[in-house]
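Got some structures for you, see below.
Each of the two complexes below includes subunit A, the first together with subunit B, the second together with subunit C.
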Partner chain A sequence: MSLNSVINSTFQFVKDRFPVEKLNYHSMVEKKEVPVHKMSWGYYTGGLTMFFFMIQVVTGLFLLFYYQPTVSEANVSVEYINKYVAGGSLIRNMHAWSSSCMIFCAVLHLLTAFAMKSFVKPREITWIAGVLLLFITFTFGFTGYLLPWNQIAVNATKVGLQSIEYIGEYLPGQLADVPRIIRETFQGEASVGQSTLGRFYALHVVILPLTLVSLLGLHLLSVQIHGMSQGVDKPAKKSEKFMSIFIFKDLSLWAFIFLCLFTVSMCIPFESFLPYPLLAPYNPLGSTPAGIKPEWYFFFVYYPLEMLPFWVILLASMILVGVLILTPWIFKGASRKTLGFLTILASLYLVVMTIFGEQIYELFKH
Partner chain B sequence: MTNTLLFIVLPYLAVFACVIGSIYRTRKEPMSYSSLSSQFLENHGLMWGSLPWHLGILLILLAHILAFVCPGFWQTLTSNQVLLLSIEAAGFGLSILCLVGLVILAIRRLTSPRIQAVTTPMDLFVIALLLAQVALGAAMAVHCKWGSAWCSGTTTPYLWSLLLFQPDLSTIEDLPLIAKSHIVCAWLFILIIPFSRLIHLFAVPLEYLFRPPQNVVWNNSRKLKEECSAFVAEDTRRHFLKAALGIGFGAFLLSVGTLNKVFNFFFGPRLSKKEETELMEVKLAHLESTVDQRKLELERQASNYIMVAALSELNQSSGKYFIDYQMQPAIAFKGKDGLPLLISAKCTHLGCTVGNKVDEQGRILCPCHVSYFNIETGQPNAEAPAKAPLGHLSWVIMDERGSILASRNLEGKTACSVNQQALANGKVYIAKSQEDKT
Partner chain C sequence: MSFSNTETVENSKDLKQIDLKLKTNLSLIAFASSLALSFMTANPAQAYPEYQAFVEKNSKRSINCAMCHINEGGPVGNSKGQIGSLSEEELKLLSKARIAFEPGSDVHSPILNEFGNKIISAVGKKKFLEYKTSPEKLAAALGNESDLDTDGIPDAQEYLDGTDPLNKFHGEPVKLFWINLNRCKTHVILTVLAVISINFGLLSLVKGISSIKKK
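Right, the complex of A and B next:
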C-alpha cells in the first residue's frame, strides 16, 4: 500500500465520520428523528448519564467552596460541610448518590448501545469516545473516593494503588519496575499521603472534568451528526422528532429522576451503609480497620481479584479493554441476537458480582 | 327552665324529627332528596357563592366533628401552641369564606328573577339561619378566643352526655350568650333538615370530585351548540389558566427556596462560640497529628536511633505500633525470651496495616484480606493471599547514658552484654542502617 493511498483512506475515514455537509443546525437538530420501538428506552440512558454528570459538576463546584485538600484539613472540612454549611449535607449526598447513578447509567448505556449494535460504521468514533468516557467516569469514582480522607478512603486507595504494582511481577527485566514507577507517580511519595491527596484532587476537579467535557463534546457531536442508530433489525415503522418531542420526553425524565435523587439525598446519607470505624478520620499510625472495600461499582473486578490469581484478572481486564475499544471491528458482522445474548451474559455477571460478590467471596474462602 | 328547654328538649326533639322526617321524606318524595339545584337557572353567581361556601363549611364541619368524636386527639392538637394558632386562624378564615359565599348566594337568590321563581320561604329562612350561625361562629372566634381549645371542656362533654342519655348542662351553663346561641342554632338546623333543602347533606356527592366536569344546558339545538362550544372554550381556558397559575406559583416558590438555600450555602455558616471552639479543637488535633507525622519524618532523617518504647512497656499479647525508617508501620512485641520482637506491619499482600493483637497461635491478622502472620517467623498462613513473610526489624537496647546493652541485627543474631535485670530499665531503639543513611 502506497503512502498516498494510506493518506487518502485516512481522509476518507474522517470524511465519513464527520461529513461537513451535515454540520448544520438543520440536519443535526431539526431533521433528526428518534426511532420508536421496544428498545427505545435505550436512547434515554446516555442523556441520563450526561444529566448526572451535570449534577456532578454543579454540586462539585458547590463543594469546592469548602473542601480543603490537605491531610490535616480534608476530613474536617468534609465534616464541616455536613454539619454546619446550609444545605451542605444535601449537596454532598447528591454528589455521592449522583456519582453512583452516573456510573450505573454509563454502564447501562454501554450495554444497551452494544446490544442495539450502535457502534457500526459510521459510529466507531462515537463508540470509542464513549468507552473512554466510561473509563474516565470510573477514574472519577476512584479519585473522588480518596478526598474525604477517612479510613476506608485512604486504605482502599492504598490497596488499589498497590494492585498496580503487582502487575510488575508479570513483566520481564527492566519493565518490572515500570508499574512501581507509575504507582509512585500517582502516589507522589512512599505511601499514600499529602502528595497523593493533592494529585487526586487535581485529577478529580480539573484534569478529568476537562478531559471528560472535551470527549463528551466529540461524542455528542457525532451522535447528532449521524442521528440515532436504528437499534433493531427491522427498521422501526414509527419515529418521533428529536426536536421537540424526544427532547421534552428526555427533560421530563430528567425532572423525575432529579426528584428521586433529591428525595434520596435528603433522606439517606450515602455513607449510612458503612460502619463508623471506616468513616473515622484516617489514622496513619493505627491498624487498618476490617471491612475495607472499594465502592460498589468496582465489585465486579474487586471480588474476582480476591478469589482468583492476579494474572487471571490482569489478563481478563486487558482482553476486556481491548475488546471494548475494538468492538466496532470485532462485532462488525455479529447479529443483534448474538449481541443481545452477550449483553445479557455480561449484565448477569455484573449484577450477580455486584450484589452477591461478598457472599460468593465468603463461600469461596471458607 | 329555658336552659332545659333549649339544651335538652330541643336537641332530642331535633334529632328525633330529623331521623323520622328524613326517612319519611326519602320514602315518600325521593325526587326531592337533593338541594334542588338551580344551576341551570343561574350559573355565574352560583359558582362564586356555592364554591366558597361549601369549601369553607365542609372543613369547618369536619373540624367540629373531629373535636366531638376524638376529644383526646383534638386536645393534644390544640395543646400545641402553633397548631392552636393555626386552627384558630384557619377556622376564622374559613368562616369568612363561608360568609362571603353565603352573602353572594343570598344576593343571587334575592336579585335573580329566575331564582326568585323557585325560591320558597324555607330557602330564605335557611339562608338567614346559616348567615346568623356562621356570623355567630366568627364572632366567637373573635370575642371568646381559643374556642377550639375550650370546647373540649364544655361542649364536647355536653354533647357526649346527650348521646349517653344522661343530659348534663353544668359544663355549658356559664357559656357566654354568643356560644349558647351558636349551639341553639345548630340544633335548629338539625330540626329543619327534613323540611328544607338541607336534606342534601345526606346525599354526599363524593363522586363529583372525580367525575369529569358537566354542564347543564337547555334542551334546544341552537342554544345547545352555542353553550357547548362556549363551555369547551371556557374549559380549555380555565385549564390553561389553572396550569399556568400552578406552574408559575410552583416555580416562584421553588426559586425562592432554592435561591435562599443557595445563598445561605455560599454565605457560609455563622457558628456559635461553642461550635467554633469545638471545631477549632478538632482542627488543632488534626494539625497536631500532621505535625507529629512530619516530626517523625524529620527525626528519621536526622537521628541514628529512634526510640520505640521502654522494654518494660512491651508485652507478648498486644504490640505497640511505631514507624520505621522507611515511614512504614511496624509493631513491637516482647518475645518469649524476654527480648524485643520487632516486626513490619505492612502486609506483604497489598500493604494494609496489620493488626497488633496476637491470637492463641502466636499470629497477627491483616484485616483487609485475612492473612495471619506468625510473629516469630513472619510467615503467613498457607491459605492467605499474602505469600511473602513480614520482615523482622533489627533493634538495640540502650540505657539512659546511651550505651548499648543488647542488640539484634537483621539476620536475627542477638548480642547481649548484660543480664536480664539490667536490661529491664533499658529502652528499645531501631538503628539507622547504612542504606537509610545514604
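Right, the complex of A and C next:
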C-alpha cells in the first residue's frame, strides 16, 4: 500500500464521517428523525449524561469561589462551604450527587449504545469519542475525590496512585519505568501532598473540563450529522422529529431529573454514607483508618483487585480498553441479539460487583 | 589484718549508708507507685472500648473515639484534647468531671467533646460505668430530647446508628432524607413550580423557533 493510497483512504474515512454537505442546520436539526421502538429510552441516556455534566460545571464554578486547594486550607474551606456559605451545602451535595449520576448515565449510555449497535459505520468516531469521554469522566471522579483532603480522600488516592506504579512490574525493559514516571508526575512529591493536590486540582478544574468539552463537541457533532442509529434489527415503523418532539421530551426529562437531584441533594448529604472517621481532616502523622475504599463507581475494579492477583486485573483491564476502542471493528458483524446478551452479562457484573462486591470480598477472604 | 579490719568497719558503715539510701529510695518509689496506682484506679485514663465495640456491631459502621472525645485517638497522649496536653486549669475541670457521679451535673471535661460531656451530664459517671456491660442501655438513658447538631436525629439514635452526633451533615441517610424533606418542603414546592415554569418557557421557545423555521 503506497503512502498516497493511505492518505486517500484516510481522507475518504474522514469525509464519510464528516460529510460537508450535511454540515448545516437543516440536515443536522430540522431533518433529523428519532426512531420510536422498544429501545427508544436509550436515546435519552446521552442527553442525561450531558445534563449532569452541565450541573457539574455550574455547581463546580460556585465551589471554586470558596474552595482553597492547599493542604492546610482544603478541608477547612470545604467545611466552610458546608456550614457558612448560603446554599453551600446544597451546591456541594448537588456536585457530589450529580457526579455519581453522570458516571452512572455515561456507563448506561455506553451499554445501550453497544446493545443497539450504534457504533457501526459511519459512527466509529462517535463511539471512540464516547469511550474516551467515559474515561475522562472516571478521571474526573478520581481527581475530584482528593479535593476535600479528608482521611478517605488522601488514603484512597495513595492506594490509587500506588496501583499505577505496580503496573511497571509487568512491563518489559525501559517500559517498566513508565508507570512510575506517570505516578511521580501526578503525585509531584515523595508522598501525596501539596503538589499532588495542586496537580489534581488543575486536572479537575481546567485540563479535564477542556478535554471533555472538546471531545463532547466532536461526539455531539458526529451524532447530529449522522442522526440517531436505527437501534433495532427491523427498521422502526414510527419516528419522531428531533426538533421539536424529541427536544420537548428531553427537556421535560431533564426538568424531572433536576427536581429529583435537587430534592435528594437538599435532603441527603452525600457524605452521610461514609463512616465519620473517614471524613476527618487528613492527619499525616495519624494511622490509616479502617474502611478506606474508592467511590462506588470504581468497585467493579477495586474488589476484583483485592481478591485476584494484580496481573489478572491488569490484563483484563487492558483487554477491556482495547476491546472498547476497537468495538466498531471487532463487533461489526455481530447480531444485536449477541450484543444484547453481552450487554446483559456486563451489566450483571457491574451491578453485582457494585452492590455486593464487599460481601463477595468478605466471603472470599474467609 | 588491721587494715582489713578497718576496711571491714568502713565497709559496714558504707553498706549501712547504702542500705539507708536504698530503703529511702524504695519507700519513695513505693509511695510514688501507690500514688500513681491509686490515681489510675480512681481515675481511669482510658476511653471505654465497650461502647465503641457495641456501636460498631450495632450500626455496622466503623467509628472512633471522636464520637465522645475531642481527640480521635482517645484521652491518653499529649496531643490536643488528650490528658498530657492539659493545663492546670483544665486538669481541675477534668477532676471535677470525673467525680460527677450523679446525673444533672454541669460537666465540662476538656478531654470530652460536647456529646461526651452531655452523656456524663445526663446519666452521671456512676451509671455510665455501670452501662459498660450493657452499652445499649446508654441510648435509653440519654432519651430522645437532646439533638446537639440539630439534624433532627436525636443524639441517642445517632449513638446507635454510629453516626456523628455533632455534625448535622452526617446521619443515617434514609432518616435524614425524611427529616430534611419535611423541613424543606416549602423549598421543594417552590423549586417544582420554578422548574415547571422554566421548562414551559423553554418548550414554548423551542416550539416558536420550530414554527418560524417551518414558515
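In the analysis below, the second predicted complex is superposed on the first by the 364 of 366 C-alpha atoms of A that agree within 3 Å, B and C clash if a C-alpha of one lies under 4 Å from a C-alpha of the other, contacts with A are read in each partner's own complex, and residues count from 1 in each chain.
The definition used in the following text is that a contact is a pair of C-beta atoms (placed from the backbone, for glycine too) under 8 Å apart; a residue touches a chain by one contact, two chains touch by 3 or more.
All figures in this text were calculated on a predicted structure; none of them were measured in a lab.
Using the contact criterion defined above for the overlaid structures, shared-chain residue A:Ser272 touches subunit C, although it does not reach subunit B.
In the superposition on chain A, A:Ser163 contacts subunit B only, with no contact to subunit C.
In the superposed model, A:Ala280 makes contact with subunit C only, not with subunit B.
In the superposed pair of complexes, A:Gly291 makes contact with subunit B and with subunit C alike. After overlaying the two complexes on the shared chain, residue contacts for A:Ala86 are found with subunit B alone; subunit C is out of touch.
Of the residues of subunit A, those at positions 286, 289-291 touch subunit B in one of the two structures and subunit C in the other. On the subunit B side of its complex with subunit A, the touching residues are 261-262, 264-269, 271, 275, 279, 282-283, 286-287, 289-290, 293, 321, 323, 326-329, 345, 350-356, 366-370, 383, 385. Against subunit C, the residues of subunit A that register as touching in their complex are 30, 82, 89, 243-244, 247-248, 251-252, 255, 258-259, 262-264, 266-269, 271-273, 275-277, 279-280, 286, 289-291. Chain contact summary for the complex, subunit C toward subunit A: residues 61-64, 66-67, 72-73, 162-164, 167, 169-173, 176-181, 184, 187-188, 191-192, 195-196, 198-199, 202-203, 206-207, 209-210, 213. Residues 62, 65-66, 70-73, 75-76, 79-80, 84-88, 91, 155, 158-159, 162-163, 166, 190-191, 281, 283-292, 306, 365 of subunit A are the ones touching subunit B in the complex.
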